[in-house]
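Below you'll find the structures, each written out as structure tokens.
Shared between the two complexes below is subunit A, which has subunit B as its partner in the first and subunit C in the second.
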Partner chain A sequence: MNMQYIGSLLQGLWGTVLLSLLTFLFGGLFGLVIALARISPLRVVARVTQAYIQFMQGLPLLVLMGLCFYGPSLMGMQSVNPLFAATLAMTFYAGAYLGEIWRGCLEAVPKSQWEAAECLGLSRWQRMRLVILPQGLRLATPPTVGFMVQIVKNTSVASLVVGYTELSYNAKVLNNTTFQPFLYFGLAGLLYFAVCYPLSRQARKLERKLNVSRR
Partner chain B sequence: MSAVVELKNIHKTFGTNHVLRGVSFEVHRGQVAAIIGQSGSGKSTALRCMDRLETIDQGELTVCGHALHDPKLDVKTLRRDVGIVFQSYNLFPHLTVEQNVTLAPRTVKGIKASEAREIATAVLAKVGLKEKMSAYPEQLSGGQQQRVAIARSLAMEPKLMLFDEVTSALDPQLTGEVLRVMEQLAKDGMTMVLVTHEMAFARNVAHQVIYMRDGKVHESGTAEILRNPQTPALANFVCAEK
Partner chain C sequence: MNYEFDFGAVLAYWPLFAEGAWVTLRLAFFATIIGFVFGTLCAIARTSGPTWLQRIVAGYVEAIRNTPLLIQSYFLIFGMASIGLRLPILVGATIALVVNIGAYTTEIMRAGIDSIQPGQVEAAECLGLSRTQVYLHVVLRPAMERVYPSLASQYVLLMLASSILSSVGVEELFGISNRVQSDTFRNFEVFVVLGVVYLALSMLLRVAFWLLNLALFTRRRKLGTPI
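After this line comes the complex of A and B, so read on.
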């Protein structure tokens, strides 16, 4: 084992973290839109969104990744940047799941809260923003961070399809060179854990903090 | 005296359940009307119709000059004139007492933070909870929460206050503190419609008592009807509620 190999793993780790962060950002924004659209009073919007979620839940991430990487070139666009393709696929994927998680959390806020806000004269958007979303957010924290851990681990799929250099990809390359699968996949596993464990801990902390008024 | 609330032959159906079967009555400015009756008599539904939490199927319903049977009704202006307090308080758990009270004045009326704070202080003083401004709802007793809910409605300066069984979830002692606040409101001349099981309160405070049965007004009049019911049904009901 030499330092060059360790450096390669750390470089891969950066690739994993970068793709994860981009997914949190874009998947989160997209997920919020999905969640709001899913409970829209406009039936058509709610239906289309539901269909989208069901489609995404039935599609393996691997296939989705392939579609995002090869799809554009089939439609005549020139070679697609692997990070772009991976982020696009992860956004579609995370948006659908986060949207469904958050819809559940928004709907878990009692109906009487809507009514109280409505009777005070708040518009639908004010009710959502000032009364429902803050309470839904509190409920959403544990499952959301739980899913963020899934996202971090699922970025490894990007290596299989689009050749994006992240942790699993570099571990595989190192194994091919050194024939020491246990060592390098083991190290990769430790690095994944090093990212995911603080995330889970943070989730528990956040949960306690947000629950301060519901102790 | 002008009618603040006027129901004319109101009908309301939930699925196959005909809840309101031609309800008519009026409530005048500065008056307190108590709607009483068994569970399922339609009294809460009638009240909820007045704030358009339910739409009516038939009849004419006018509240503070707004025609609720008119499809072109501006719900927003209706809600500015009408305040409602619920059995389960429905305070916003993520906001402090002060934020609960100032939320609507600030967002709906666009009142500045400092002014809204003054309003909050005033209405909370009225319900005897000025010192609880920075508490969260769950740190308060049920009676205190309900008084905050009343203050939250008052902060919008409604012309009419609706109370939907506001003491039903409270023990007798806490019920007393809420009823005292409501009694004071009545003395201040607020027009109030309340659905209640508190017969003593209806007898002492209400100008008008409406006894509902099977989706209709079975008997109505001054609070005197609670002492001398004219129909056997009300006599039975008054006996049972004692």
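After this line comes the complex of A and C, so read on.
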């Protein structure tokens, strides 16, 4: 084992972190739209969004990656960048799950808050932005941090169909040249753990803080 | 967009897809059954075992829940092969899935066991039930009933995640579709068909878990109240 191999793993880790951050950014924005559409007063919008969420939750991420990798070229895109395809697939995926999580948090804001905001004469948008979202956000933080762990872990499949270079891909390349699976996959596992474990702990800590009244 | 879809060429391979779906279902079935038993035992150890055992189980749960399934299966399957342990690939894949789902089951079942009030156990002991009887009827069954929805959706996710094992050479639904891709060069259509089959499989599993719920937890239907 030399420094070059360690460098390769760390480079892979950067790929993982980059894809995770992009997913969280775009998936988060998309998830917010999904959450709001899911509780829309327009029946059709709510139904369509619900169908979308169910659809996404019944597909393996790998299939989604394949669709996002081969789909754009059918639409006339000349070459599809692996990072683009992976981010697209992860955005669809994370948007559905985050949307469902956040819908629950918005609905958990007591009904009287919605009614009070309405009585004050706030418009629907004002009510959402000034009254419901700030309270829902507080509830949403622990499960959102928890879902970030899922995002980081799921970026590992981006190497399979799409061919995006990240931590597990580099670990596999190292194993193919050295035939030391325990060492390199163990190290890769440790690196994933180093990213995910602090997030898991933070999620649990936030949850405990939130539950202080119910203890 | 001037691409002509050709699903006919892909659908001509339906026996391969059916074979793959059958492997996926079998893999998910065995991993779920063994993983549930293993995870429940771990949850019991985690809640009422000696301190050292509790620590080990906690470490196992954290290690699995904070690393991807892909790395776990590479580690286990390539690792076992490197020390000369040559198992059939389906057995290796089942072991990898069991190790993974066992940790999630442990965490879910532990939450269920923790939610059982001590008074219930004390009452059962006063009625003269044996330790095993108390555990089976007063702790585990109601605990499982409470966390059943979480367990069921975790096992549906497990079936979907089994597609990852195609990367270690398991010829399940996703792995077998590689052959269709290289035969037809209709990659996009193959993925559309795969998506439809996986959706059907996950609906099938949801229905199966719903029926199992009706069969296992009759109390709720008789009394009309949750626990």
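Just so we're on the same page, the second predicted complex is superposed on the first by the 197 of 215 C-alpha atoms of A that agree within 3 Å, B and C clash if a C-alpha of one lies under 4 Å from a C-alpha of the other, contacts with A are read in each partner's own complex, and residues count from 1 in each chain.
We adopt the following convention: a residue touches a chain if its C-beta (ideal position, glycine included) is under 8 Å from a C-beta of that chain, and two chains touch if they have at least 3 such contacts.
Quick caveat: nothing in here was measured; it's all calculated off a predicted structure.
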If subunit A is used to align the two complexes, do subunit B and subunit C fit next to each other or clash?
fit
With both complexes superposed on chain A, which partner does A:Ala51 reach: first (subunit B), second (subunit C), both or neither?
neither
Comparing subunit C with subunit B, which touches more residues belonging to subunit A?
C
Touch test for A:Gly76: subunit B only (first), subunit C only (second), both, or neither?
second
Looking at A:Val33 after the superposition, I want to know if it touches subunit B, subunit C, both of them or none. Which is it: first, second, both, neither?
neither
For A:Leu67, select first, second, both or neither according to whether it touches subunit B, subunit C, the two together, or no partner.
second
Could you read off the angle at the CA centre of subunit A, spanning the centres of subunit B and subunit C, to the nearest 10°?
100
Check the residue A:Ile6 against both partner chains and state whether it touches subunit B (first), subunit C (second), both, or neither.
neither
First (subunit B), second (subunit C), both or neither touched by A:Leu21
neither
Applying the document's definition of touch, where does A:Glu118 land relative to subunit B and subunit C: first, second, both, or neither?
first
Subunit B and subunit C, closest CA-CA distance after overlay, in Å?
24
Considering each complex separately, which residues of subunit A are in contact with subunit B in the first and with subunit C in the second?
none
Complex contacts: residues of subunit B adjacent to subunit A:
51, 53, 76, 79-80, 82-84, 86, 88, 90-94, 103-104, 107-108, 136-138, 152-153, 156
Residue numbers on subunit A that touch subunit B, as the complex places them
110, 112-113, 115-123, 126, 130-131, 134-135, 138, 213-215
As the complex stands, subunit A meets subunit C at residues 55, 57-64, 66-67, 70-71, 74-76, 149, 153-154, 156-157, 160, 168, 171-172, 175, 179-182, 185-186, 188-189, 192-193, 196-197, 200
Touching residues on subunit C, where the partner in the complex is subunit A:
1, 3, 62-63, 65-72, 74-75, 78-79, 81-82, 156, 160-161, 163-164, 166-167, 174, 187-188, 190-192, 194-195, 198-199, 202-203
